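All chains are identified by letter, namely A, B, C and D, in their written order; residue positions are counted from 1 within each chain.
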Amino acid sequence: MHKHGLHRRAFFGWLTVGWVAFSAALGGFLSLVFRYTYPNVNFDPEMDFIAGNPDDYDEGVDERWKNGYGVWIIKQEGKLVALSNICTHLGCIPNWLPAELKFKCPCHGSGYYMNGVNFEGPAPRPLERYKISLNSEGRVVVDKTKIFRYEKGQWDHPDSFIEV
Amino acid sequence: MKELVNTLSDPKYSFTGVIIGFYLFMKYYRTIGTVKFFISSMIIILGVFIWMMQDPNFHAIIVWPDNVPIVILLFAVIFFTWFSIYKAAINDARIEGGETPVEGSVENREKVWTWPNLVYTELMAGTLCVVILVIWSIFLKAPLEEPANPTWAPNPAKAPWYFLGLQEMLVYFDPWMAGVVLPGLIIVGLIAIPYIDTNPKGNGYYTMAERKVAMGGFLFGWLALWVYLIIIGTFLRGPNWTFYGPFEVWDFHKVVAEANVNLSEFFWIKGLGISMPSNIFLREIVGLIVTTGYYVGLTLLCNRSQLGSSLMKSLGKIRYYLLILLLLTMGLLPVKMYLRWLFNLKYLVAMPEFEFNL
Amino acid sequence: MKLETGMAYRSSTLIRWFAFISILFLFSVLAMFLDDYIRPWKGWQIKSLAVKREKLKKDIEAKLGKISPEKLAELENSFESAKDLVEERQESIRKLEGEINTISGQIHGAKLELSVYNGRVAELTFRWEHAHAHGDPRAPKLKKKLDHNRVLFAATKEKIKELEASKKGPLAKVSELKAELIAAEKEQQKLFGQVELLKGALAKTDISNPVWILRNAPFIDWLDPTIKVEQVVLDHITDDRYFRHVPKVDRCMTCHTFIDQKGFEDQPNPFKTHPNLDLMVGLASPHPMKSFGCTSCHGGEGHRINDFNAAAHTPQNLGQQKSWEKDYHWHAPHKVPEVMNRLQYTEAGCYKCHKGVEMIPMAHKYNRGKELIKDYGCYACHVIPEFEEKRKPGPPLNKLASKLEKNWVKNWIWNPFGFNSKSRMPSFFRQSNNSKPEFENKNIAEVNAMAEYLWDQSEEYRPFGRYKGGNVAKGKELISSVGCISCHQVEGIEASQKVGAKKAPYLTGTGSKVDPHWLVSWVQRPSHYAPETIMPSFRLTSREAQDVTAYLLSLKNDSFSAKTFAPLDKGVRDDLLLEYFMAFDTKGQARGKLAVLSDREKTLELGKRSLGKYGCYSCHSIGGFAPGRAPIGPNLSTEGSKPIHQFGFGHEKIPHERDTWIFHHLKNPRRWDKGQDKPFKDLSRMPMYYLSDDEAQAMTLTILGYTTHRVPEKGIKRLDANEAYAEKGLKHVAKYNCTSCHKIDGVGGDILAAYEDDENEGPPWLVDQGHRVHSDWLYHFLGNVYPIRPWLKVRMPSFKLTDREKNEITAYFQAKAHEHSFRPSPSAPVEWEPGERRAALKLFDALACASCHTTGFNRDDPMAPALQMTKRRLRSSWIEKWLANPQAILPHTTMPNFWEDGEAQEPDILGGDPKKQITALRKYLQEIGHDQIHGELNRSSTSR
Amino acid sequence: MAKKQSLAQYVANTQVWKSIFRHGPPNNARNRAAVIAGNVFLHLHPIKLKRSGVQLGYTWCMGGLTFFVFLSLTVTGVLLMFYYRPTAEYAFNDIIALREHVPLGIMRELHRWGAHLMVITVWLHMFRVFMTGSYKPPREFNWGVGVVLLVLTLLLSFTGYLLPWDQLAIWAIAVGSNMAKATPFLGHGGPGANLAQIGDFVMVSDKNDVRYQLLGGRFVGEPALLRFYILHCVFIPLVVGLLIAVHFWRVRKDGGISAPL
């Protein structure tokens, strides 16, 4: 009886070991497959570019970098800022309506003032600004990897604008 | 007249209409579930539809190739909803008279040979389906627009039609709610139906009287929310996702006054007239209280009601609270819609710092 | 033990086996994971962090060392006191901040209102315009509503403005109250800002930091790893995937972590900084890493990072190979589309983008190889890119009989180096593969026949001059001073060895070689004998020509010319001819063909065939050989991509590598025949140039550059308009060897080596020549050379230039100087300001210009160019620039700087304003100038 | 005798015929049973079923039609794959080619409208099942499987939407996939994403969130086209096929078409 019980325990011990090992291995395998779906490098386009000289820009919204780089350069109140052209609602691309002095998203109608602050439609927050700086040759460099968000109070950060 | 239709089809009014209609539908389903009613109403509907099709703007929206399936779906939904109500009405009458439902009659319980009865039925249905598909394909070309251009979004940019209900929800909710939480709850809710609905009656035959709550809940979600939102999203949302009546030109420049205000702004700025506190949670305290109140308060209220206590008894606690949670979350949508229309409320809780907006 | 009923196995056994196999499975998954996670490049990156850490620590120490402790204490004090000060004012600050808060709330509220009115105005505007345009009766009502809302909108906006204005006061007060603290913080930031930045960077290199470990931890290292594959994707340089080109991807910087960062020059590879960041890789260089990657120039498989060998690293030399074998298990790359260039051959990568240019700027090794290819005339026998239109490198042989003796020619062909140690005619005979007696006999017959054929084809030529004897010493003096040594090295003339010119043949043993009458005619007017020659005329007088000839004739090599060349063996000749005929005919037919020919015809036939066989016609123009005949050597235009198995290594024990083969082939082309039993007609014929290792290596590099790579249009270096003109002209400048005398914008001036004592005695530097002279003058001058600096012994020779060449050379200088105007030199009279002319005259006297620039003035011993030529020759702007600071243009010039440091030497004239003085002087020079372009000065016309 | 034998009889008597069909014409009880039981495709059906199960008025045949449309989509889809290359350079032109110069240019229409039809039939199937209460015990699990199949049908259609690589396609997918961005904690635009950050270690960003996994990049580009192609043509159909098998098996095991107890 006693012997039988021991046997039984050993029996369940091996069964547990087997299934635990099997599930762990299978889980590991599937995790690696999951990891496989994230490539180690990406071929997305460059995230920074040189956007001419500060003098190239007039007061207002400049759309020359919208296509290709997805950036509006806006000169307002002595500051040059690089505004993202991605709607904070669902990532559509708003249009600049010069007559109404606002950005309007065609997807769900979010509206933004020239400075990028939202005022109508479903957009939850203002447009994002990118890092903008002057390089050693005095040219404007826009770096899209660094983002400044209004609602976090980041628009006062010295990298988020150039004084002109 | 067209002007009136345009105005009335604005969700503000039409959604209210749909809710009233749904109530009447549930109440008078036996009248609706008659052939006479169907034929007369079909004549009216088709007449109205043909009249509407005379309008170039409406015509243009309807015949846009990717919208055709929705028109087909629409008529199919009308027909099949009526048809099941029709059968349910018959069965309900029989049950009241002490008979079995039609499906349970001795004749229908008799077993028949699969070959050739079912096999040929299926074969013919399939063949007919191919015929429909071929004719559809011959007359309607699959849409193809300009080559993909990641730098320029068309206006309006719409998701596939079966997701337009979700896209329409985005007007009232943040993407995490409309795109993730609500669809997720829909799926979970659907899977949960058989486990929540413990009513043993109505299994295997059409009936309304024997499972009114289940029918009401499901049909409301299915017709009043899902199908209705798809129709709005597909036919009545134009450039800038602005609302356009069925007879309105999709004028790119149309502007609708929209100045939405968060609950916190209502409270601190408009109500108390002081600036917003810098602490996020303090700032949003009202919204947090209201949201908690919505779930907890309404649940408590429901517990006290007669229906609530009887449900609690019959379902048990887990089923009951799950049901309440699902219903309340489904109810969030109409609640949010009305809050938007009545008070221009943007968010109950607005925490863009955490991307948490409700 | 008995099994249970219905069981095939004992349960316990089954379960144990299952457990065992599951554990195996678990381990295999673990092994798979580790295999994936542990990659060699990760090791290099982690090592590079340690390197960076060391550097940052040093930088921080250096920065901190600069801050004095007194200053630190002072700063601390001022900070503390500022803090106390502001603390005292805390109450009023708090009050003000409360005020600001209230106003902010009001602004917020007003803005909410504003957005309501804004929306209403927008909607009503749309609706009213719509109604108005369509004649809707509701239009007036809508308009009224719109106007009402507009008023509200404007009022709200006004309110916001007022509120914002009222907020400014308290805001300013707050910052005033906090001013000291803010200032102190700024001061601190100024002092420690950079150190803080460095410290931040240092923290990132700390691999014991838990965050660092987490970021690079197994499995979650996709989130935001710091150890990761770095790469550049090149838009306009592609990998050739046969019928498709795909953008090149380079990941070299994954291990070569600091390749584009300054400050790691002393690190061992792979952490070394690129040695030439200003030209390559650097962000501001013309070839930034992001646009050009690495393998575009270096070659190799830049996208492969998991194996040192997969990237096709190629060692520089055996030593490096050995150490790589030890460190990285290096083996020769195989099955690799493109092997890396050895370090010494890196410049081979330049050519694929820089095509169609005479020289590639900064690619010194490549340019040297190309120069050597040009000098040795490789392009004559091989098709080589960029050399398609070059003239034949050897002299024409169609008037040979009037110049040389037949016996000498035979000896020369047999062994050119026996006569001229620096011969550029290569050796075809007496080589390792044809020095068997049997082969030598045949070769002797061939040489004899070739000479006979050349004499047979030689045209009549009568030298126009007669050599009557001259002064050898004077001749020697002339040769060393007049300019010959810029192209020739001449035996017995030391200066010529100093210059070491290689453009033209080394002149040795001339007296034993050429006919004296021919020579005297040649030195005087080379084009009389060879119209196509590039040798210019130095405008020697006949006396001078006699002297020069006398010196050249005094150079003898009689032992060479005295040797009588072995006579033609007719039997051998006939055998050779039979072999030729039998290539297509039967033996009988061949014999028949031979029998028909006369004895002389047989010799000439063999001569012609031999000249064809050895490709003599490629370098020399020979009668009877049509000009369009295909070159004898293989096409080298894709040699750098030729598959390795297409190179014949024979039985030589040499590593089977492309560059090695080319190098050894250049050194000794006949070596591949070693150990092979080849019939006479199949022997390798590429001649021997006796190249030095250095030369062979340079040429190998250049040839390796000729690959099949097709860089897309976008990636190729395109010349702008200036560069294109400069490039066109440069071809002529190179052809006529202008740079051997003139240092053009810092390049060339080889002959100046002979004028170490005083460069003013040598040919003038051409600095900014396009800006300096009028283009029409230069054009004229190139066709009609006249002395500008009559005191110089070296002469600008007269080249036979076509109009087009003159034009393009002029344009070359203009383009180089970025001078876009082709304005002819001024002809209108000078316009004077009042009193300016008098001042100019005074200055001209005071500065004693005429004491050096004498011709046409009062002395006959000029030391500087005649000023009368100034008007038509020099551009006004250049004259002023020259006057202002001559040394800035020509450091060695004897022209004094009269306005040193912008200070006039004559403060009385024109108020001592240097600018005005220079202008006045320039105007004067232009006034006294001659009008005709030609510089033959008419003395009588000069006046003061 | 042999002369009178018709051709049909002759063929039916050959060894080949008999090896394939092991029973006579299904005109008697034995053979009607045999034809269903002996055929791999037909044996999904019971040999006999309740009369209401055959009635179109009860079942609307929507489930069967959904399966049928799925099969026809598989066939047309496989045929379309012969001409379609999922790359940014070619995808659009190949779609044009399918209509303009490939024979049977209606193939794409059949596939696209078929896809819409399948969404409709699967919805109506679910509607019918709910209306007849057929999800009730013992069929709860199969209803769950059905809901998953409904979701997968929508995903199939959604992933296929991108493949023509036109404006309609990428912007519909952009709008749709941006919702993944808003997934709480897993999408970089969702609630809680910015809590998952230690110093400059951003755990949820546009480079590692669920949308990146879905698209293989930060936006709808060529990797997204490839991923959607694989999902559409291989991955989801395999899962759907598997679940359909489960679904059908459970229909049989749970008592066939529902009927009053």
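As a convention for this text, contacts are C-beta pairs under 8 Å (C-beta built on N, C-alpha and C of every residue); 3 or more make two chains touch, one makes a residue touch a chain.
Here the structure is a predicted model, which is why all the values come from computation and not from measurement.
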| item | value |
| --- | --- |
| Per-chain CA centroid nearest to the all-protein CA mean | A |
| Selected pair, greater C-beta contact count between C-D and A-C | A-C |
| Whole-Å gap separating subunit A and subunit C, where each centre is the average of the chain's CA atoms | 43 |
| Rounded Å distance, subunit C centre to subunit D centre (Cα mean) | 63 |
| Subunit B and subunit C: spacing of chain centres that average the CA atoms, whole Å | 72 |
| Cα-centroid distance, subunit B relative to subunit D, in whole angstrom | 24 |
| Contacts with two or more other chains, residues of subunit C listed in rising order | 115, 118-119, 122, 222 |
| Junction residues of subunit A - those touching two or more other chains | 38, 43, 90, 92, 107, 119-120 |
| Overlap residues in subunit D, where contacts from two or more other chains coincide | 171, 174-175, 178-179, 181, 207-208, 219, 221 |
| For the subunit A and subunit D complex, residues of the former touching the latter | 37-39, 42-44, 90-92, 107 |
| Residues of subunit C touching subunit B in the complex | 101-102, 104-106, 108-109, 112, 115-116, 118-120, 122-126, 130 |
| List of subunit A residues in touch with subunit C within their complex | 7, 10-11, 14-15, 17-19, 21-22, 24-26, 28-29, 31-32, 35, 38, 40-41, 43, 46, 100, 119-120, 136-137 |
| Residues of subunit B defined as touching subunit C within the complex | 251, 253-259, 261, 265, 268-270, 273-276, 344 |
| Residues of subunit C defined as touching subunit D within the complex | 211, 214-215, 222-224 |
